[in-house]
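Handing you a structure now.
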Amino acid sequence: MAHLNYEAAKRVAYRGFVILGVVTIVEVFIALLGKGYIVDGFHLSRPVMYLSMICLSLYKAYYIIFEFMHMRYELPGLVRSVLFPTILLIWVIIAFFYEGDTWFHWREAAREIPAEMQLGKPSGNSGLVPVHPTDSTESVHGVPADSAKPEGHGGPSHSH
Amino acid sequence: MMTTDQSLQKPVSNWDGGREPFKASYGKLMMWYFLLSDAFTFAGFLISYGALRFSSPTWPVPDFVFSSLPGGIHHKPLIFVTFMTFVLIVSSVTMVRAVQEGHRYNKKGVALWMMLTIVGGLIFLACQAWEWSTLMGKEHMTIHVNPFGTHIESGTYLDGDGHDVQKGDQFVAGKSYLIHKHGDEWAPLRYQTESGEVKQQQFGPKAFGALFYFITGFHGFHVFSGVVFLSIILVNVLSGIYANRKNHYEMVEKIGLYWHFVDLVWVFVFLVFYLL
Amino acid sequence: MSVVQQKNMETDPLIRDLGHDDHFHAHHHGDKYQTNFLTTYIFSQDHKMIARQYLITGVVWAIVGALMSLVFRIQLAYPDADVSWLRPFLGKWITLGDGGVGRLDPEFYYALVTMHGTILVFFVLTAGLSGTFSNLLIPMQIGARDMASPFLNMLSYWFFFLSSLVMMYSLFVSTGPFSGGWTAYPPLSALPQASSGSGAGLTLWLVSLVLFVVSILLGGLNYITTVLNLRTKGMTMWRLPLTVWAFLVTAIIALLSFPVLASGFFLLIFDRSLGTSFYLSDIFINGQALDRIGGSPILFQHLFWFLGHPEVYIIILPAMGIVSEVMAVHARKPIFGYRAMVYSMLSIGFLSFIVWAHHMFMSGVNPFLSNFFVIFTLIIAVPSAVKVFNWLTTLYGGNLRLNTQMLFCIGFVSMFISGGLTGIFLGNSTIDIQQHDTYFVVAHFHVVMGVAAFFGMFAGVYNWFPKLFGRFMNDTLGKIHFWLTIIGAYAVFGPMHYIGLGGVPRRYYRFDNFDAFRDFDDLNQFITIAAIVTFFAQLLFVVNFFWSIWKGRKLTEKNPYGSNSLEWTTPVNTIHGNWPDKLPVVQRWAYDYGKDGKDFIPQHKPMEEGEEDSSH
């Protein structure tokens, strides 16, 4: 594993500290600058801010994997066998986020259904569609869950 | 390409069997692939976080939520967590140094830098404990209730909360707020929207608090188990058993991989919870 | 050492002359890992013993799971029958009505269905199949002394055993085992009060499966690193038998998919025990809104099926590998399209990760997103078809030995084609609108990954039984077992396709109160009778299995099948470390059958002057 001599390796370690530290500070700076904490009234557009922070984080990840974890000095086969599977996550991210967005839009759509079209008041066990738009912002009181204990054995209605 | 005629004297490849194709011992490979699978566990959590965040109409702004410092200092956004990040980075660097000393068979060096790494891990855990107890005890964010909300329309407050908000303060859509507790009662403030409606502050999405505690807790658990493993290996280093082993300080290298992985995960936890 | 033992330990001259000396010293009475009964048979670190442990645990679970299916099949065919005779076994879950007529408790019906799925999918076809044969064959076929880490290998089995114990315990809690389906969808699983099985039953279920994930990860890490690092000299990746390739791909899939299941389970545990709402929103109980909002039950389905779909390949790929190997050996022909087989396995492995939502077309997935999942799903037909055609062309013109294991291989191909074709129907989101949650789905997955995987497992057990226990299983009994099983399986699942197309939904307690489904009563009875017959046919296997362990015909020669792969160069009575002194050095691929007029050429036999290498 001795790919660098001791002094050079030591320098890599301390340079890693500086690089990761600086990148972290830049990230926090962008976050604060973008949201108007540093220059009054100055905001960055969200895509620019988010994109730059994601890129900087990926750079940090790259640096940790390749320098600190010594991936740079491993054979290409090992590098590929560890890194290629993470490509699968790209499709997972797309699919999950797209789904999350869908849930949001469908809840918004459900909220706009006129009252007379909804499946009656949620009485008895048959309430499939909630009458009250129960989005997170609509719940006024964080009542403890035990106020809604089920009575009897009906169980929650489930729609599939 | 894969000629098997031995008489051709073709150069032997790493893949021909009887040798390690990646020039890495099975133990190191196991650690790498374990970390890969652990990365998928964290990916499962963080991607679920993303999906739930996308499904929520509002999401608390991190620089409003994470803005307290020890000693009762408020409104210093992200300073404390930046410090925590630094602690982890430093402990990663000390870990790198421990591995490097291991390559020189310097037992004392390995032990010293590992000890510093353990201290770093403990400081990080202490910071997390403080952060959690502040959020839970002072700001009353739990896994069930999230008092950090975000205004979806502009308006004027009709009440003051005795902390930062005065009656008559104006706010714009997208501004975050914290619902305080008076005694055991929640005290959401009333406000008047620009169209003249009188409304009350709403709780923020529950998923925020639950996911925050869950994911940072899971990461914290990794830090904790890392500290435990580091301590065990430190004892072994001091007892000198690695010095007599054929692969010397490879165990330090393997736990080092794990420790850097914990740092790596924090990069993404930091990104999604504190920056985005 | 007796004379027989002496003969067994005799070294293959090829290994003696050309083998690789790794300074291994055989200890005929065990070595430091096998000093007493406990370390030899119970906490063994020997891969062959661990394989036996996996196999026997799997057989026990298979019997339990199959018995459950009989009980609910009886309920479906004869809902009015008096089943009070089951009271001695099921106790209070058989309720006695007027005149002492016993009825199966509906809650317990669901519990039986759930447990049947869980047990067969995880404990039998994942641990029992891949656990057994990965452990047995990987070290022996790549020419390794043992797994990379025998200790973690042992832990892997004992985590599985612990997980088995917890699951078994959950069958006996007073509120019953979990009853919300093996997929454990919220809200039924997220609210302990949702059904009687959602309480303690599900808690134990989750604990059991988390332990199971640990076992799979420990095993998978071992399989992967063993295949990579411990191949003997000359064993290039392209000379590996297809079994080893299949186990490698399986382990990689498991390593990447099970952790995501674990994340889904952890969030579920939080929802159940700590009152978070990751998976809950808009729940009404008796007209009251539950204050658990902001989550989504579909999130769990995504996390679950991100494992769930790869899981079916974790089940079927080892069976495919076993079939490829056994088929080539007993057709006395090289496997057709070796590299195509490997590439198709790799692409199946890759595709399995991007198709998961095809299990959820009807549960509220965005229809636009479904399109992509349909396309990816249908692409899987390509590598699957490549494999099927390769098997058929391997059989074509072969000098077939129609022994039991070969029959099961052919049966596997038959089942895989039948089940695969219905998969193309179900992979279309539009057709799935009609077919989802009907018996068509049940028939599809039972044929393609249930029965087919079992056939692969049977082929493997019949074929490698001599390596596992030093004796053969009875071939006549095996053939009877095969014919009863394949006829029985088609008799059970063929009609199920039909009633599924008729719209009969799965997971219903009884159908006689629906006019639309009453017409299928006789078919349901036919299915149940066929299932009972098929079950008793499996008892033939169980009897054959345990009888042969002690009384079967003894294995007397090292290589009874004339097989090329390395496991048949080990001593007749296997030893710890597999080879008594040197390790064999591999000179060729594993499928030189019928080459240059020779029936077979073992892998460690050197190439002759001017001989063409047939591995590419």
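Each chain carries a letter (A, B and C) given by its place in the written order, and its residues are counted from 1.
By our rule, a residue touches a chain if its C-beta (ideal position, glycine included) is under 8 Å from a C-beta of that chain, and two chains touch if they have at least 3 such contacts.
Just so you know, these numbers come straight off a predicted model, no measurement behind them.
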- Message: Taking each chain's centre as the mean of its CA atoms, which one is most distant from chain A?
- Response: C
- Which of B-C and A-C has more C-beta pairs touching across its chains: B-C
- Item | Mean-CA-position distance for chain B and chain A (Å) | 13
- Taking each chain's mean CA coordinate, chain A and chain C are separated, in whole Å, by 35
- Where chain B touches two or more other chains at once, the residues are 21-22, 29, 33, 36, 40, 43, 48, 51-52, 55-56, 144, 205-207
- Where chain A touches two or more other chains at once, by residue number: 85, 92, 96, 99-100, 103, 135-136, 139, 142, 144-145
- Task: Specify, in ascending order, the residues of chain C that touch 2 or more different other chains.
- Result: 256, 275, 292-294, 296, 299, 302, 306
- Note on the structure: As the complex stands, chain B meets chain A at residues 14, 21-24, 29, 32-33, 35-36, 39-40, 43, 47-48, 50-58, 61-63, 77-78, 82, 85-86, 89-90, 92-93, 95-97, 100, 103-104, 144-147, 149, 152, 186, 188, 200, 202-207, 253, 256-257, 260-261, 263-264, 267-268, 270-271, 274-276
- Query: Within the complex, which stretch of chain C touches chain B?
  - Reply: 20, 142-143, 148-149, 152, 217, 220-222, 224-226, 228-239, 255-260, 262-264, 266-267, 270, 274-278, 292-296, 299, 302-303, 306, 585-588, 606-607, 613, 615-616
- Residues of chain B that touch chain C when the two form their complex: 2-6, 13, 15-18, 20-22, 25-27, 29-30, 33-34, 36-38, 40-45, 48, 51-52, 55-56, 143-144, 205-207, 210-211, 214, 218
- Interfacial residue positions of chain C with respect to chain A in the complex: 185, 187-188, 191, 193-195, 252, 256, 275, 281-294, 296, 298-299, 302, 306, 350, 353-354, 357, 362-366, 369, 372
- Note on the structure: Residue set of chain A touching chain B in the complex reads 1-2, 6, 9-10, 12-14, 16-17, 20-21, 24-25, 27-28, 31-32, 35, 37, 50, 53-54, 57, 60-61, 64-65, 68-69, 74-75, 77-78, 81-82, 85-86, 89, 92-93, 96-97, 99-101, 103-104, 107-108, 135-142, 144-145
